[in-house]
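Got a structure for you, written out below as structure tokens; questions coming shortly.
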């Protein structure tokens, strides 16, 4: 653990160092240094504006991600289990994946207004397809002999689903969730950039329009930080839920 | 050692033993491969029946059909008078490839059958603990399958099947990976279950010696497409001293008889 | 989907959805959804124009290049990460960061670093597609059966042999799943790139049509895009089905 | 070498005049290429970082804050925006406490709203931000909002499509720039010939257009980016430019010092420039030489 | 039947047999579990050595250490005079869990060892065909592992190991899933290889009978942490008629001896 922490620290140092240097050259007037961005971040954190912004941003994000995770996994399981459902619905998710969201935003505004609903919708469109498609794929690949075993011990369909299919599919479900969550973050920001600038999206657009680049980068940095923390949390959940699935690395 | 065999033998001779499982005209083809062809066989209640036959002849297939895991291409299985439509609580299966959940530890794997039957956690773990001790895995409750040796994995699968306390036990080469010592113990345990709990065992093995020692009846299967070629009912062996059995002429005669009949069909 | 012993192609269900669309369009609920028939007429009007063809070319080029890099880099990186603890510890935090970085917000940084041309659009496309490919390959490798690895080593497999002949194949069902999703995401990536970085290709058409409320034009281009995503996804799904025979018996 | 132009939107009818000017400049030997960016900020950043030569927009904040030596050389259009409301409101005075949709915080429409508040003596209600005039039109038409401020062409569209549903409220004149051309000072000085050709062409086009708006449609190259637009859009060019010229969207003399002064006041009021507008030095923001020379001719 | 055993016995008695593989003070711990402790054992060239021991005692672990697949915690393995650093072409392995490529058919699986050694396609397929026939799987070349029975899968793994023609064969319960018939044939084939090709076999089995019949030496391992408790060298058995062996008092004496010594250590 300490070694992996040291490695993380080292690679972080390298990257931030490179950022600082690039900012000092500078590569561009629009590219602030690492320290400028961090001080902007601390300033926003201390005057509280960052937290106000996050209170705003997290609403559609958390709501959308939660909806996508629940409905997405459920739909994914269903699609993976029923060829009929697969036939009817997986094209929709392929289309959703491919839909150029940024161009569709006027449509969303039309349909759902400029409030929370359309932002939640954007987050869902971004997050759900990958969760659904990954889950469905993993379900199809559940080891046959384990299914036979649980049938012989009288598993109900629900048991097979909960106790065999889901644990066996969990590595892929979680990688789908990770992507879904991060896509949700993208969606939340995108909706704040494109539908109505509020929250962190507002900090980004506003500081960009007044050329306060350190604040803009600080906002981007903070959202990435948040997303990474969130993904780590997800990984912890995966490890505690499915301990035996972590069989380590093939090289060990 | 007590004498379960004599009981069974008695029953067989006097009143015909009640039939627990019967396979009627079972055929099974996998695409091109004809695994079973018109196989019929009866398994009396409270007795242990062994299936002996060349590798790939369809023993696993037959067991899975009895378990309700595979549909026969034709024919039907009747368990306790009812035709089999799928898996039931009256049958438990020991898998040839163990079929352990890789993400669950030994305790959970053994308790899994009970878990599926909705037994409460503390209760099923107590039962599982007991069977884990019984198969000699005490101390490995928290290990994961990939941390166990081959034989230990097999014993996990065995403990799982025993713990659900089913009427009919379908065992597909259940002792193939354990040492002779342990195997002997398990055989004894099986015989106790047959005698005291009136359980029905359907047992696949490749060891003629094992079959002769534990079985009430031995069904010898032909190579693919498989039918029953012969049924042998060893009697009066179980009451002998196990350690002396190896030199017992009666025992050796039966082994030789089976050996000869297997060979004649194979060659 | 099999009906009466006949395998209905995946696409066929789209007909159901198309019908639904036509009905909604005919009902005239909203001017945003013109009837499909009208969209198709427009589509055939638009197809031969030079503006459309250049856009198609620009988009397809950036898309294919982006997907190419995502696949060629993503699969080996994912496999290596699943295989080696050191590499995984080094890279996983960054994969997570790039994965979670709101790419739209990162675009300014990308532009500073890579300029405004097709190059940045290709990079954006790659960034959309690559992470799922990496993560799925990694997940596939991490659940690999250890015996297979020991077996190949005992027969003297070199590192390369093991990668190409064991890891890749054992993880193939997951990898293909990842590539399929990655490719579909890349479609979105290329459009977002075209909209956010410099407005060219289909992105420009979308912007133009939606800004001027030319909804049937808008949907016509969207259909072309969906068709693109669909045929590629179907092709990969076909490959996935070809490895189905062992996917569930690993 | 080639002049690299950073547009802030995709070529559409509003850019037809600009492309006509580019064609004229090309005829005089200017070699150029253009890239369309999705918004003004990106175009500004592209010029700031030297990846583009000439950009489209009003980068006053960037000039003052990041101390980048960029200068405006030509005013392309004025901030002609129109308060459009549902029938609920009849005049600006009615708008006290009324919620309103604007482009973005600190953007042009936001500053217009500020100035309206000051001049009319009202206070708007909650300001919501929806980037893109067309998106705000959508919101208005679908009943998501009752009031917004939109640009000329969208105003015309909404009036044409729903003649009796919306009011366009009367507004005072605004001289400040919406779009202007800017570039790095160093670059301007090093490429003064190209810049001159370009500004000459722009000025002549703008002057010709103010006399006869139909020249735009006539001079548009059918194979160029405008000529390739859907026929529906091209058909509307004459009308668009007739209305634009009439509505005073373009100043026929390229803006110059008048525009610069108006900008100082406007953007200081809008919060994008700091300091007293009267004390700001115009030469820190504009580079008048090419325009002056063009006007001489 | 010829008499390989007498040769070996002769060699052992007169000139000490050359040592092909030797394990020196091998210890291995997995986290908490101490599998092997200070185990030393020599495997003479051209002989077949069986490892017998309770399930989970560390036989697979020892085999994998010899194969170079696992690092011992301490101690070293010397093969042909050279310390083992990793897997080498001089050793081939038969895996307890078969380790077949699920995506490859039987032919490719059997040829896989040769493929990794860079043998040209047509050549390796010819060799593979030969061994597929030898293990009785002719006709199943195009089948995939999931279409085979347990014993058939095991035979694929066996054919793969045989086809690379290594000096030392490490076999982890190679016949556990095949029928006695086939097993007998394979045993004969092994003895032929030992005799005619001077190959060295290290063989894990749970069948005392099998060990006694095929081995030049039998190493009996203690339960975890494992050391060698005894080495038994059966002599003069292989020249007897196999079918009569079961009743041969000499054979039965050795079996009993092993049985007794295993039991004494286990209990």
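Residue numbering begins at 1 within each chain, and the chains themselves are lettered A, B, C, D and E in the order written.
One rule holds in what follows: a residue touches a chain if its C-beta (ideal position, glycine included) is under 8 Å from a C-beta of that chain, and two chains touch if they have at least 3 such contacts.
Chain identities (UniProt): A, C = NitT/TauT family transport system permease protein; B, E = NitT/TauT family transport system ATP-binding protein.
All figures in this text were calculated on a predicted structure; none of them were measured in a lab.
Peer 1: Could you name all chains that are in contact with subunit A and with subunit E at the same time?
Peer 2: B, C
Peer 1: What chains touch subunit B and also subunit C?
Peer 2: A, E
Peer 1: From the C-alpha centres, identify the chain that is farthest from subunit E.
Peer 2: D
Peer 1: Could you find the two chains linked by the most C-beta contact pairs?
Peer 2: Highest contact count belongs to chains A-C.
Peer 1: Roughly how many whole angstrom separate the Cα centroids of subunit A and subunit D?
Peer 2: Comparing mean C-alpha positions, subunit D is 37 Å from subunit A.
Peer 1: Distance between subunit B and subunit D based on Cα centroids, please, to the nearest Å.
Peer 2: 86
Peer 1: Would you mind pulling out the distance in Å between where the CA atoms of subunit B average out and where those of subunit E do?
Peer 2: The computed centroid separation for subunit B versus subunit E comes out at 28 Å.
Peer 1: Roughly how many whole angstrom separate the Cα centroids of subunit A and subunit B?
Peer 2: Going by mean C-alpha positions, subunit A sits 50 Å from subunit B.
Peer 1: Residues of subunit A that touch two or more other chains: which are they?
Peer 2: Only 27-28, 30-31, 106, 110, 144-145, 193, 208, 245, 247 qualify.
Peer 1: Which parts of subunit E, given as residue numbers and ranges, touch two or more other chains?
Peer 2: Subunit E, residues with two or more chain partners: 97, 146.
Peer 1: Check each residue of subunit D and list the ones that touch at least two other chains.
Peer 2: Each of 45, 49, 132, 134 in subunit D touches at least two other chains.
Peer 1: All pairs of touching chains?
Peer 2: Final set of chain pairs in contact is A-B, A-C, A-D, B-E, C-D, C-E.
Peer 1: Tell me, which parts of subunit B touch subunit A in their complex?
Peer 2: Going through subunit B, the ones touching subunit A are 64, 67-69, 86-89, 91-93, 95, 97, 99, 101-105, 112-113, 115-117, 144-146, 160, 164, 170.
Peer 1: Touching subunit E in the complex: which residues of subunit B?
Peer 2: Residue list for subunit B touching subunit E: 30, 33, 52-61, 96-97, 147-152, 154-155, 172-173, 176-183, 206-209, 243, 246-247, 252, 255-256, 259, 262-263, 266.
Peer 1: Okay, in this complex, where on subunit D does subunit A touch?
Peer 2: Contacts found on subunit D: 41, 44-45, 48-50, 59, 61-62, 64-68, 101, 104-107, 128-132, 134-135, 138-139, 142, 144-145, 271-272.
Peer 1: For subunit C, which residues are in contact with subunit E within the complex?
Peer 2: 145, 147-148, 150-157, 161, 165-166, 169-170, 172, 243, 245-246, 249-250
Peer 1: Going by the contact rule set out above, which residues of subunit A touch subunit D in the complex?
Peer 2: Counting only subunit A, the residues touching subunit D are 27-31, 105-106, 109-110, 113-114, 193-198, 202, 205-206, 208-213.
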